[in-house]
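Both complexes below contain subunit A, partnered by subunit B and then by subunit C.
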Partner chain A sequence: MNAALKTTWGPIALAALAALAVCWFLPATLELFALINATVFVSMAILALSLALVWGYGGILCFGQAAFFGLGGYTYAVAAINFGDTTGAVPLAILVPAGFALLLGYFLFYGRISDVYLGVITLTVTLILFKFINSTASDIWTIGTAPLGGFNGIPMTPPLNFPGDMTAMLMPDQIFVLAVIGLFLCYAIAKLILASHFGRVVVAVKENELRAELLGYDVRLYKLIIFTVGGAMAGLAGMFFANCVFVSPTMFSLSYSGQIIIWVIVGGLGTLVGPVIGCILLQMLTNWAGTLEVIDPNLVLGAILVIAVLLLPKGLLPTITGLIRRGDRS
Partner chain B sequence: MDLALIVLLQIVTSIAMLALISLGLAVIFGMMRVINLAHGEFLMLGAYAAILATGHGVNLWVSMLLVAPVSVAIVGVVVERLIIRRLYGRMIDTMLATWGLSLALIGLVTMILGNTNTGFSAPLGSIAIGGFRMSGYELFLILFTAVLLAVVFVVFRFTRLGLIARGTMQNPDMAAALGIAPSTVYAVTFAVGAALSGLAGALIAPLAGVVPTMGTAYIAKAFITVITGGAAILAGTISASGLLGAVNTLGSFLATPVLGEVALLAAAIVLLRLLPRGITGRFLKGSL
Partner chain C sequence: MSAMLETSGLTMRFGGVVAVDRVDVKIHEGELRCLIGPNGAGKSTFFKCLTGQYKPTSGTVHLREHDVTGWDSFAIARLGVGIKTQVPSVFDGLTVRDSVLIAARRRYGAILARKRTDEVLGRIGIEDIAGKPVGLLSHGSRQLVELATVVASEPDLIILDEPTAGMTAEETARTAALIRQLNERHAIVVVEHDMQFIRSIAKTVTVFHQGRVLIEDKVDVVLNDPVVRDVYLGKEPIRAAVGRVAA
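Now for the complex of A and B:
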């Protein structure tokens, strides 16, 4: 076991404790509506984590993380309706976005498309998916027995059931617990990846692509793999989201893609916990802003992003830990 | 025969539209290496400026060709002073800040003007071509875009202002040593880019619905055009919009408009896979 791996178990154990505490506490104290809302937050947090990994450690600024999120949700809904059972739909909801990320990533990284161009292309792919899904209202657009529904999405997205037993639907509190476990697993996987040799090469590529290449690593392959892992996590997030709300084209929308980036940059680029905290804080803020009748939530979010870039370029968590460290020293 | 002519005109219209909505972005990106993600909202502000001006009794042409670019240029100057100036050389931070700006502008306009679809009808009636009719306004757009591209070319190539701008783009330190303030040049360039975007927004307003979120519909196309075009402002915009506009229209004509857009994107991705620096990174190097 290498040294990096040893220091990884501590944070993972802490995260497990936090997840346990949340699973113990929230379902008992929250009302049903608030609990479903909390599940949405957790699914968003998984999404934030996926970009934190891809962007913060892989150095890949993906403006289209929402594409994988939406694909995960839609795959889950379509597969669950067709199978009548969600046991097979869940792995599909992870595999299809991962496959899409693999395909897209191949074109991007093997074409050696640099950061900014990459951002623009991922953004465009997301928008095209958004437009495509929006235009599927007619009955021609049916996969198996599942109509895609165009602008309205698929309102009858079925909730999860016990694996193998399609009559036993999970209750909202069980889905919440599952989502928290999903978030914890994604965090643990990300931590373990980063502690491994592979993860350290990924970070090296981010720090200096040319140097990593000269050391003999195939930069394109490392980027492609981490991008695919991020796509799979975003797909999982989409699956949980589809469970609490329902799938609709807005999952692909620009405002989702934008929000994910905002969570990561406000929470702290280059950390895993920061974006999760940033996501949950900003979700609460957005919900609160939505209740204001005078101010448009987009205005609040946009202003926060501009201010965060100008004043807190490192993000919330690194700024706070930096302040604490400075306080310790004096 | 008439059908072929009308399809050809549709293709040229779509090329002109693409060039029109991309030009402002191309000027800002080509000159300053700043990716302005609020470009779509500059288009939207231009469209609203024209609508508000005509609503207050200003002549339609004056409000489209004068009020819209001037008011968006003013917004551009303010944005450059407050945000862009602090982030020069930090491409990704600039992208994020302008994205924030884009969200904020959508929110602000929704708050002030409401989330309703407004617009004005296209002037100039329609023209008969054989058994088909084509809107005269679309023909005007084609001509206007050609004139606009020519004007931009002449300004950059033959005037002192253009010389200063190109010099600063190539080597800001040298330009500063020769007594030119690069920051002023950047501010003016950004304002010009914003003005072009505002103008484009006002011009496409009669053809598209005007809503606070209209920018998102155009920003992707404008970006893909500019990136596919590469570094050269005019040659890149013209070649990329020519190629992508043709693909888009043919796709829409043969299948559906959505598939036309998908074809546009696919063409752009394949092109970037083959030419990562865009069309003018390989061909027409060193052109304007």
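Now for the complex of A and C:
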């Protein structure tokens, strides 16, 4: 019981406090533009968390996490435009990417595709979706009343409204709070999964697939489920992103897929909080680098990745906690 | 006695290499069988065919009333076959206790599994390292941890591929005693090179050579067989021995 308190409920309580603090301070202190930007960061943090779970604990290096992110965003936009009300669009934005992950994962894991090909296939699927959505500019690409808009995306993506009341649109500060709650819930769910028997088997499979199999665990099923959970979380991230900006093909782009992996590496593979922190720090940094207009932000990101891999091979969070522990002992 | 495990004509080919060549072997319920043979004889490959790690090229594997030929490893494991592989296959990132718990949890609910884990850790004699990450242990200890995970999942048939490799003489003797004790509840097939060890535990010995069963008999008969001595103990070049066996 003590161990569960220390490794699961304690961190969840801390995360709840942090979420409360952020919801208390930021909307009151930030200007509108900065707050919307902060919401984008939080949606990205959910995306980072989804890969932290799938890769860091499931051992599945998915180069296509952006595919679920983009699907979540587009599903939300299309459903919200068609329904007029966003209440039903939100669960769909989670279910459609999850369903897609389930289908894709089924072929990957039940086909016993090797890790290298898994990376290649997930990347290719993302690129195909990117190409496809980019080429939907003509009017025939309309789902119900929602034109997909090709490379322009869907600028009229509606913001969230109060559940069941389509006339009561949420304000940016309310959407920010919701996004933070979403991030917290994803974190808590991930923690609880990892503390369960299912989660322990997922980690065991990452450690040694053969051993898990020889002990009688069907590793395909465990990978498929954690992959699907990751797809659902990435879809939720896409939904929040669609609320701050609007959906466009860049959500499926290679640059996003790459960034997510960089956030996880820099923050610390094998932790949940690390990639979230890495994501937010790196986005603040690339945003700032973008305002300087003297250097390509992607170049900055690349340089940071190289430096992080060389100097902090374990990532930010594990390095810091390691230092603290060493300090405690002396 | 009915056969618990039976292979007929089991063959595994890798390109031109026939690693396992038309092997017919029967293991009975509760039996303790030793498998010996020089390196490259096909023992490990035979085990991989039994446990679904390889799909045999031809032939069949029957486990009690099931034809398990070509089944997935996890499904065969669920029928009660556990294997300690030659290269220790363990969860490096988990602690010893968590590794054993994962194994026990496949059979039992949370509370019983924890009880079973403590019991197995004690039986194998690794309680003192229960909290250590497996990745940091010595080769001999890793062998014991792997054995503990296999035992914790309570298979009816335990396959041990060179379980004492890398162990000290004392650890080896303890493992021999442990195997005898495990045999009270599980059928066991074990590959070993240590003659002392084989004499101390074996009843029936099967000798593999070049993918085939060379001889299968009582332990004294086998160990005193001149052909086996030649092939196995390398008293003359293998090639010459092969010529004689073929002749």
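Methods note: the second predicted complex is superposed on the first by the 323 of 330 C-alpha atoms of A that agree within 3 Å, B and C clash if a C-alpha of one lies under 4 Å from a C-alpha of the other, contacts with A are read in each partner's own complex, and residues count from 1 in each chain.
Everything below uses one rule, namely that contacts are C-beta pairs under 8 Å (C-beta built on N, C-alpha and C of every residue); 3 or more make two chains touch, one makes a residue touch a chain.
Quick caveat, the model's predicted, so the values are computed rather than measured.
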Which of subunit B and subunit C A:123 touches, first, second, both or neither: first
Touching partner for A:204 - first (subunit B), second (subunit C), both, neither: second
First, second, both or neither for A:298, with subunit B first and subunit C second: first
Subunit B versus subunit C as contact partner of A:61, first or second or both or neither: first
First, second, both or neither for A:326, with subunit B first and subunit C second: neither
Comparison of subunit B and subunit C by subunit A residues contacted: B
Contacts of A:219 with subunit B and subunit C, given as first, second, both or neither: second
Set intersection of subunit A contacts, subunit C complex versus subunit B complex: none
Parts of subunit A lying in touch with subunit B, wherever the complex brings them together: 61, 107, 110-117, 119-121, 123-125, 127-128, 131-132, 135, 254-255, 258, 261-262, 265, 294-310, 313
Of subunit A, residues touching subunit C in the complex: 197, 200-201, 203-204, 206-208, 210-219
Residues of subunit B that touch subunit A when the two form their complex: 35, 83, 86-87, 91-93, 95-97, 99-108, 110-111, 216, 220, 223-224, 227, 256, 258, 261-262, 265, 268-269, 272-274, 276
Of subunit C, residues touching subunit A in the complex: 51, 53, 72-75, 77-78, 82-83, 85, 89-94, 98-99, 101-103, 105-106, 110, 146, 149-150, 153
